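Below, chain A partners chain B and then partners chain C, in two separate complexes.
== the complex of A and B ==
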C-alpha cells in the first residue's frame, strides 16, 4: 500500500509535466483549432537554451525565467514567421507545417548541441521526505510545485486579466473581436508565445529525469497528446486533469503490469485510441456540433 | 498501330520513363541499383499515402508502421516457414491491407486532426511494439532475410545485354520495379474511375458526396485498406532489398519521410509520388556525400550535418512547399505548362482564357 501511494505521488509529478505540455497544446488548439506537433520540439529547444545558460555558470533559478522569456519570444517568432502566412490554409496544411517545424527544430538542436545525451542539472535535491510513512523525493515535490504554480499563473492570466480575456475573445470570435478593436493576429501570436513558455516548463522539468537530447520530448509529447485528448482538447482544466491521470496511470501500470518496460509508451497510444473511440470529446470537452 | 501514333504525348513520356527505369541497372553499379530499388520502394509507400491523403483527404502520419507490418510478415514467413520471398510479397500486402481496413473503421469517426494525432502516436510507439514479441520478431536484433539469387531466365537476359552476371541486388531491383509499375498502373486506374472520383468528392465536400449517393464510410475505409496494401507491399520489398528487418528501421522519421515525399511530389497525382520518393530518398544521401567532400567545411560540422542535415532540410522543405507550392512539383509543372500555353496562344486568348487555379488538395 505504501508503495502504491509512493507511485501515485511520483505519478502526479510526471503528470504535472505532461499537464504542462498538454496545456500548451490546448492553448494553441483553442487559438486556432490546430494541434501543434512541434510543441514538444519547441520545449526541447528551450530546454537546451536553459542548459546552455546554466553551462555559462548561471544559477538554475535565474536561467529558468530567462528561458521562459526566450521561449515566449521564440513562440511569437514562430507564429509570425511560419504560421501567420498560412493562417487561413486548410487544417491538414497546418498540421504538415507544424510537423515540418518539429523536424526542423529537432534537426537544428542536433546540429547545435549534437545527439549525445547530456545530464541536465536538477534544482532539487535527490533526498526524500517521509510523510505518514510515504517517502517522497524532493524532486517530485519540486516538480509538482513548479508545474502547479505555472498552471495557476496561466489560469489567472487567462481568466483574471484583460489580456487573457482579449486572448480568449480573439480565439472564440475572431470577427467580433476585430470589430471591437482587438488585434486578433497578435493575440494568436501571444497564444503561441504563452504555449511555448508553458511547454518549456515541461521540458526543463523532464530533462533531469530523462537525459537531455533532441529526441527527448518524443515520448513526452505522446503522453501530452493522450492527456489533452483525455481531458477534451479544448479544455485547459481537462488538460491538467488528463495529464495527472495519464501520469499516475502510466506510473502504476509500469510497475504493476509485469514486463511492462518499454511498453509504457504504448499505454499513451492506448489511452489516445480508447478515448477517441469511446468518448471523442474527452472528459471536459463539449460535443462538436457541425453545421452542414 | 494507329492508336500508338495518336497517343497523347504524356503516354510517350510514361513509356520513356519505363524504358529508363528498366535500362537503369544495365548502366549503373549493382550498389546503385539497390539504392534506386529502395527509392522505388519508397515511391510505392508514398503512392499508398497519396491515395489516402491526396485522394480521400485523410491524413496518416503512421504509414511507417504499416510498412513495418508488411516487412515483418514477409521476414517471419521467410525466416520461420521457409517460404519463397516472392510468394510472401502478396501475402504481406493483403494482410497489411486487411489491418488497414480494420484501422480505417474507427478512423471514420475521427476528425482529420485526431486521425493525424492517433496515427502519429502509432508511428512513435511501433518500434517498441515490434520489440516486444522477441521470439517472433527477433527483438532488437531483428531478422535477417536471405536475398534470393536471380533466376536463370533473368540472369541470361541480363548477361546478353551487359555481358556481366546479374547480382541479386539487380534481380531485386527488377522485382521492385515490376511491383512499382503494377501498383502505379492500379493507382492510375483507381484515380480516374468511379472509386477515385468518389474519394475526391468525399475529400472536397463530404456532405455533398453523401447526398449524391456516395457511400462515404465505405470509400473512406477502402482508401485506408488500399493505402495500407501499398505500404505493406513497400515494407515487404524493403525487407527484401535491405536483407534485414529491425525495429529501428521503422522510426517516426520514416513516416515523416513518406509525408515529405508525398507533399513534395504533389498530392492527388500519379507522377507525384515517384518524383517525391526520388527527392526524399536521395536528398539525405546526396547531402551526406556532398558535405564531407567539401574540404573547407570543418570535420565537426560535417559530423553533425550527417546526423542533423536530413531533418533540417526535410523540415525546411516541408514548410516551404506547403507555404508556396501546396501542389508540389507536379503542381508547379502544371502551372508552368498553363502559363506557357497561354503565352503561346497569344493575347486574344489570354483575355478570355481565364484558367481557374488548381484546387488546393491539402
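== the complex of A and C ==
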C-alpha cells in the first residue's frame, strides 16, 4: 500500500509535466482549432536554451524565467512568421505545417547541440521526505509545485484579466470579437506565446529525468495528446486533470503490469484511441451541438 | 451639415459574387435610419461593409473620415457598435464577461460604471444573470445582452442587424422601445436593418429600401409608411 501511494505521488509529478504540455496543446487548439504537432519540439528547443544559459554559469532559478520569456517571444515569432501567412488555409495544411515545423526545430536543435544525450541539472535535491510513511522525493514535490504554480498562473491570466478575457473571446468567437475591437490576430499570437512558455516548463521539468536531447519530447507529446484528448481537447481544466490521470495511470501500470515498461507508450496511444471511441468529447469537452 | 455616416456608390461582394451594386445612403448625427428589403437584397452586406467585414469599393465615411482599408478593430473603436446578424453573443462566456468585452477598450472607468448602471436599468434581467453563461439566456435576453454590450462601447452609431429576428412580438416591442430610449437619451445614431418593416418605420425618421443590391426607394419613414404602392411592392404589408 505504501508503494502504491509513492507511485501515485510520483505519477502526479509526471502528470504535472504532461499537464503543462497538454495545456499548451489546448491553448492553441482553442485559439485556432489546430493541434500543434510542433509543441513538443518547441518545448525541447526552449529546454536547450535553458541548458545553454545554465552552462554559462547562470543559476537555474534565473535561467528558468529567462527561458520562459524567450519561449514566449519565440512562440509569438513562430505564429507571426510561419502560421499567420497560412491562417486561412484548410486545417490539414496547417497540420502539415506544424509537422514540418517539428522536423525543422528537431533538426535545428540537433545541428546546434547534437543528438548526444546530456544530463540536465535538476534544481531540486534527490533526497526524500517521509510523509505519513510514504517517501516522496523533493524532485517530485518540486515538479508538482512548479507545474501547479504555472497552471495556476495560466488560469488566473485567462480567467481574471482583461487580456485573458479577450484571448478567450477571440479564440471562440473571432468575428464577434473583432466587432468589439479585439485584435484577434494578436490574440492568436499571444496564445502561441503563452502555449510555448507553458510547454517550455514541461521541457525543463522532464529534462532532468529523461536526459536532454532533440528527441526528448517525442514520447512526452504522446502522453500530452492522451491527456488533452482525455480531458476534452477544448478544456484547459480537462488537460490538467487528464494529465494527472495519465501520469498516475502510466506510473501504476509500469509497476504493476509485468514487463509493461516496453508498452508504456502504447499505453498512451491506447488511452487516445479508447477515449476517441468511447467518449469523443473527453471528460470535460462539450458535445459539438449548436443552438440555431 | 454633413452626415455622421455616408455611403457613396458602394459596391461589395463575397469573392466573385457581388451583392451591392452602388449603394448610397446617409445617417445623420443622432438619427435613426432603417434599411429595409427582402432577403438577399444586401442589407447585412451593407452593414458588414461599414465595419470592414467585406471588401468594398466606392466610399464610406464616418464622421467625415473615410473607412477605406481600415481594419474592423479600428473602425469599431472609432465609435461604431455593430450588433451582427445572430447577435454575436459569446456563448462560451458569462453574461458579465460579454458585457466587459463591450467596455474593454475604454479608459474612462467612472463613466463605464455609470454606463453599467444605465444598462442594468434598461435590462434588469442581465443584472440578475450576470454570473451565468450567456448560453443559458433566451433569444430575447441574448438580444438585450447584445444591445447592452454595444451600449457599453459608448458608440456614436449603432448598426443593428435584425434585432427582431426570432423573437416573440411582445419582446420585439419592448426591445424597440429601448432602442428608441437609447437613441433619445444618449443621442446615439442608429442604422437599423429589419425584415419587420412596420415596426422599423415607426422608429425611424428616414428609410431606404434595398432591392438586389441597389437602393430602390428612399424617403421619410412616414411617407413610405403611407405610400400604398411602396408598401405593397417592397414592404409586404
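Here is the rule we use: the second predicted complex is superposed on the first by the 288 of 292 C-alpha atoms of A that agree within 3 Å, B and C clash if a C-alpha of one lies under 4 Å from a C-alpha of the other, contacts with A are read in each partner's own complex, and residues count from 1 in each chain.
Keep this in mind: a residue touches a chain if its C-beta (ideal position, glycine included) is under 8 Å from a C-beta of that chain, and two chains touch if they have at least 3 such contacts.
Everything numeric in this text was worked out from a predicted model, so none of it was measured.
J.: Between chain B and chain C, whom does A:117 touch in the aligned arrangement: first, second, both, or neither?
T.: neither
J.: Now for A:65: first (chain B), second (chain C), both, or neither, which partner does it touch?
T.: Neither chain B nor chain C is touched by A:65.
J.: Mind working out whether A:268 is in touch with chain B, chain C, both or neither, as first, second, both or neither?
T.: First partner only.
J.: So, A:168: does it touch chain B (first), chain C (second), both, or neither?
T.: A:168: touches chain C, not chain B.
J.: So, does A:92 touch the first partner chain B, the second partner chain C, both, or neither?
T.: Only chain B is touched by A:92; chain C is not.
J.: Touching A:55 in the superposition: chain B (first), chain C (second), both, neither?
T.: neither
J.: Just which bits of chain A does chain B share with chain C as contact spots?
T.: none
J.: Note which residues of chain A are touching chain B in the complex, please.
T.: Residues in contact with chain B: 33-35, 37, 82, 85-86, 89-93, 95-97, 99-111, 114-115, 214, 218-219, 222, 225-226, 229, 262-263, 265-266, 268-269, 272-273, 276-277, 280, 288, 292.
J.: Where on chain B is chain A touching in the complex?
T.: Listed in rising order, the residues are 53, 57, 59, 61, 106, 109-114, 116-118, 120-122, 124-125, 128-129, 131-132, 207, 252-253, 256, 259, 263, 304-305, 307-319, 322-323, 326, 360, 362.
J.: Which residues of chain C touch chain A in their complex?
T.: Residues of chain C touching chain A: 51, 53, 72-73, 76-77, 81-82, 84, 88-93, 97, 100-102, 104-105, 135, 149, 153.
J.: Using the touch definition from the top, list the residues of chain A that touch chain C in their complex.
T.: 162, 165-166, 168-169, 172-173, 175-184, 291
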